[in-house]
Amino acid sequence: MLETLLQLFVSGILAGGIYALMSVGLTLVFGVLRVVNFAHGEYMMLAMYFTFWLFTQLSVDPYVAILIVLPAAWLFGIATEWLLIRRTLDAPHIAQVFVTLALSVLLQNLALLFWTADFRSIFVPYASSVVEIGPVLVTWSRLINFIIAIVTAAAVGAMLKYTYTGMAIRATAQDRRSARLMGVNVDRIYSMTFALGSALVALAGVLVMPLFPVNPFSGGEFILVAFVVVVLGGMGSLLGAVVAGLAIGVIEAFAAFYLGSEVKQLVYFLFFVVVLLVMPAGLFGKRGAEVMDVT
Amino acid sequence: MSLKPMLTSSLLGIAVLAAAPATAQETIKVGTVFPLTGPTAVFGTQNFQGVVVAAEMINDRGGVKGKKIELVKADAASPQAAIAEVNRLITQAGVKILVGSTTTAVAMPATQEAERAGVFYWEGAAIAEQITERGFKYTFRVALPAAGLGTPAMDYTVKVVAPTLKRDPKDIRVAIVGEESSFGISMADVNVAAAKEAGVQVVLRETYPAGSKNTDLSPLILKLRAANPDVLIATAFFNDAVLLGRQMKELRFVPKAYIGTSAGHSTLTLADALGDAVNGTFSSSYPPDVNPGGLTEQARADLTEFKRRYQEKYKVVPSVQEVVGFVAGWSLFRDVIGTAESAEPDKLREAVMKLDVPIGSYINGWGAKFDAKGQNVRSFATVVQWQDKKMTVVYPLELATAKPIMLPAPGSK
Amino acid sequence: MTISTSASATAREWADLYWIVPGTVACLAFIATVRDPFALDILVTTLLWAAAASAWNLSGGYAGQLSIGHAAYFGIGAYTSTYLLLIYGLSPWIGMLIGAALAALTALGIGALTVRLRGSFFVMATLAFGAIAHIVAAIWRSVTGGSNGLSIPFEPSFARMVFADKQSFAILALALLLIVVGTVLLIERSKLGASLVAYREDDAAARALGVRTLRARLIAIMISALFTAICGTLHAQYTLYIDPDSVTGLSFSLQVALICIVGGVGTLSGPILGAALIIPLASLLRGALSSSGSGLHLVVYAVMVIMVLLALPEGIGPSLMRRVRAARGK
Amino acid sequence: MLKITDLSVRYDGVLALEDVSIEVHPGEIVAVVGANGAGKSTLLAAISGLLRNATGSISFQGEELLGKEAYEIVGRGIVHVPEGRRLFPFLTVEENLWMGAYPEHARSARLQLIEEIYGMLPRLAERRTQLANTLSGGEQQMCAIGRGLMSKPNLLMLDEPTLGLAPMLASEVLQIADQIRRRGTTLILVEQQVGKALKLADRGYVLERGRIVMQNTGTLLLADADLRRAYMGI
């Protein structure tokens, strides 16, 4: 029994690490640009395709592909921010949200046009090898992914905390106008934050490629859980996203085992609603932050 | 940004609309109603492309009664879109023959709309029983309904797995898991009912979310490990088939036999995703490569040509869904339209009711004979096994191309 | 959330009646003369979406409570009437009202739970409620048929709300739209409407002035849910097949909000303009482009939506009004 | 040092500033006074580059500022301490000060600067690790001024620094302004406390509905009867 509990907990935490990584970029973009990016999942999907392509065409190992996919995602993020997001910043909040929604439809269907609806997957023999930690069986790739996810989130956190650029990002999130008065080139911060958000979710995409297949609609399936994680953690809170990501992973695992797989999502949505009712700003949301994003 | 680009592009749209193809007299128009966008686009596209190759093949052989088949493509990604597209095909493109639909959510409203308009609807692979239960005059289904597709899994358990294990079927423990979709639910229901009939014990029945929402199926596998079944019957689309395959291995859950029910377990790329671990997995499925001995000479030739053309055109090897699409198109073009007095729905119906195409006449071993409800009774499912990373028919024995291997699965307790 | 106040101010000028009457006449003329089922299908769909969007607009637009969970109400309407029809043979005319009442009660519950949430937190909470409705629809098989869906037999009769021709349904959809628009019109000009706008613009200030914004918001979301549920029943009776994805899916909730935003939130004409643009556009593009590569029609559609939103971020209605006013001013 | 000529700003068709011309010389304190909504904050926003719709000319040390981005203007040594402090609420006091030294030219000297500021405003040193939103109003104003000084400004613009402060604190803040000037920094002081501001200022401008209606030395303005009646209720 204890063995099962431990196994469930570990499986949940490991899945949660990926949720966290998917959500960190989303929460950053939200915190700084105040844009709820519905196309976030599609960036992940594109990164998965890119990884697939590098693997099958050029035999690049997915973990090596990080070095290629991340810079590409960064540039793609800069391009979309410049082409689209920037042009919506002065628009009403809702128009903004729906521009990103249309962008997600656009990217999904471009992917469909280019790569068809077929699922693509890669097979890396070592991905399925297993480490035994006591009675618990841990898949190598999931463990590595978890470590990379947490280290990356910590690195982003440290960057925000200890570098001038990071401080400028936080300052911009808290008060755009004041940040401009401090000499911060806010447009550059936006572009950089969006690029960083894209690179982070792309990293999640690369990491999951050895685990699950991709098709043009994969991103859409992941995005819902990322939204839950971001809001649960407190919008704009990096630590919140990590903690909430892990929490959702664990809740999902236990709910699936004890209540049945078909209700696992129901359970975390209910949990989410309850948390919001009790703590309207999320687990780590700053007090008053829930009205900060009302433009 | 101004209004201008928006205006020009909408005008462009209208221009494209107006320029809809002026059609030549000597063609028979057939509308295709498949989901080509959205989450079910995978299977919709595979079915559709099978139909396309069938049309090209028939046209290259001189068409039907001297007329070429002209496909008019639609995209029915939702019930609402299915209604709009069926109406468009009928009134804008003047189509009187439709072929579709892959999923129940498309088939139900699409056939309904066609029936109202008195248009002939040739259903390929949508499996819900109710499609042919509504007393429609013009709706016919080529492939088998849910029961037909699901039961071979249980038949196989009783007739092959149990004897091989030297056990009475009543001592066999099965677990039935499936995804939360029309397809998954139907398959599970059918197998649970069949298990009851055969006296097989069902030790776990579980449904998990459909689509690619699952990132981790280890809780399900832990449950399976605790329930300790001899046989696992699973319905999963590709994502979950891959996850199940990988995570069962990782968590060291090895049932004596693992039987999927078509879909993900009968997708060729499963071998790319799982590597050697795919070997030994069964799937009750539309027949892919059946034993050529079970096919007529013509069907063998058709099969070779279909495979060559499909690979040339789409750069992938066709599998079960593509084959079903092809058979749907082929039977419609060659045998229904080809034998009907005219391409009018009433005449087509007459022709369908008269059909008597023996088993083995189509490339997957099917034949055609329709009951009063419009269901083809000469379609059947087979059980395939992944051997050497290829799907091989192992059941029923007449069509089998190989004997089952790895049964009980190595490592099972 | 910034929503132009001037738009609702002009709406007050009764100018709306100038287009409601000719619009209705045009629809009736269309119904009377056009026999093409494809065109009629577009009309029916447009009218139904316009009604659903107008209902959404009551809480989403006037009160500024952006909901992306309205599929829950749509689903309640569709499933309630369909279930009652299939199991008890109850006429959908009655089932529709029961569904509407259930949806309004649900909305009261959700509204009361989410009173403290604003901005994106409110949006995400509604998203969660929508997702919960979707999951419940999928797993509550004894009522909803689960993913297999429910199918209504095609047996035309007025009592069963099934019609042999599309014209009858178009008239029904038009009547519903007029009722919804009429209700919105009344609310817009009432104290309730003023309270909603006051809440949207500045809740604290409004309450300080003694406006009971909470009560107004709850009434608005209940009426909104009620009409959304009725649209759900009509949708079920029109397509004769419902399943969790089509009536409780996120795509409904997003589409209904998108229509309002394209047309102009918080204005009477916005949802109708939005529906009249978005729905035929989607259908026509699909028709024109689905013979090309799969997904091309959605690529073009998405690009057009993006261009409209960038060019007219406040929606077509308010932007047009502004231009008209500017032209008059000169 | 700063020469503004015919500056006009239009919001939604309404003129917020109309043909405003102002001059500031090195080492001065220039007060801009006027009623609420007269356009004082708009003037500062136009100088610091927050507005995109200003016409006319703003020349600083011979260079045209109009059309430059806010960060470029800060880089030229003009710092705007906004009305209502606008500290970064969830950064610590020290982080807020570091943000002040964000421009390249200030960053290298930031360690020395921050010690100077802590010396001048010892209360901030005590609170350096506290989040800015936990400070009292007076402390927040000190922090905002300190943050402004962190970029080594040539011209410091204070917008309503005494707003919402008790009279004692308000005087303290104005004294700090005087101290800053004595260290060689030029100041523009926007105030509703007309009397106190003009007493401190070398010269003053009176804004009314977007136009300059009076300008003179601080002392002479203070002596003006019309002004006293209109703004000081005397």
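As written, the chains take the letters A, B, C and D, and residue 1 is the first residue of each chain.
Keep in mind that, in the parts below, a residue touches a chain if its C-beta (ideal position, glycine included) is under 8 Å from a C-beta of that chain, and two chains touch if they have at least 3 such contacts.
Only a predicted model underlies this, so the values are computations on that prediction, with no experimental measurement involved.
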According to the touch definition, list the chains common to the neighbour sets of chain A and chain B.
C
Starting at chain C, how many touching-chain steps does it take at least to reach chain D?
2
Chain with minimal offset from the mean of all protein Cα atoms
A
Farthest chain from chain C, comparing Cα centres?
D
Can you check how far apart chain B and chain C are, centre to centre, with Cα atoms defining each centre and the answer in Å?
36
Distance between the centres, which are taken as Cα means, of chain C and chain A, whole angstrom
31
Per the C-alpha centroid definition, the whole-Å distance linking chain B and chain D comes out as 73
Using the average of all C-alpha atoms in each chain as its centre, how far is it in Å between chain A and chain D?
42
In chain A, which residues are in touch with two or more of the other chains?
87, 109, 112, 116-117, 216, 262, 265
Each of the following residues of chain C touches two or more other chains, namely 138-139, 294-295, 298, 303, 310
Among the residues of chain B, pick out those that touch two or more other chains and give their numbers.
1, 36-37, 41, 45, 180, 207
Pairwise, the chains that touch are A-B, A-C, A-D, B-C
Contact footprint of chain B on chain A as seen in their complex
4, 7-8, 11-12, 14-15, 18-19, 87, 109, 112, 116-123, 125, 127-128, 130, 137, 139, 208, 211-213, 215-218, 220-222, 249, 252-254, 256-257, 260-262, 264-265
In the complex formed with chain C, which residues of chain A make contact?
30, 36, 84, 87-88, 90-95, 97-99, 101-103, 105-106, 108-110, 112-113, 116-117, 216, 224, 227-228, 231, 235, 262-263, 265-266, 269-270, 272-273, 276-277, 280-282, 290-295
Which residues of chain B touch chain C in the complex?
1-3, 5-6, 9-10, 13-14, 16-17, 20, 36-37, 41, 45, 72-75, 78-81, 83-85, 87-88, 90-92, 104-105, 108-109, 112, 115-117, 128, 130, 134, 180-186, 207, 210
In the complex formed with chain A, which residues of chain D make contact?
48-50, 69-71, 74-75, 79-82, 86-91, 95, 98-100, 102-103, 107, 147, 151
Chain D-touching residues of chain A, taken from the complex the two chains share:
164, 167-168, 170-171, 174-175, 177-186, 286
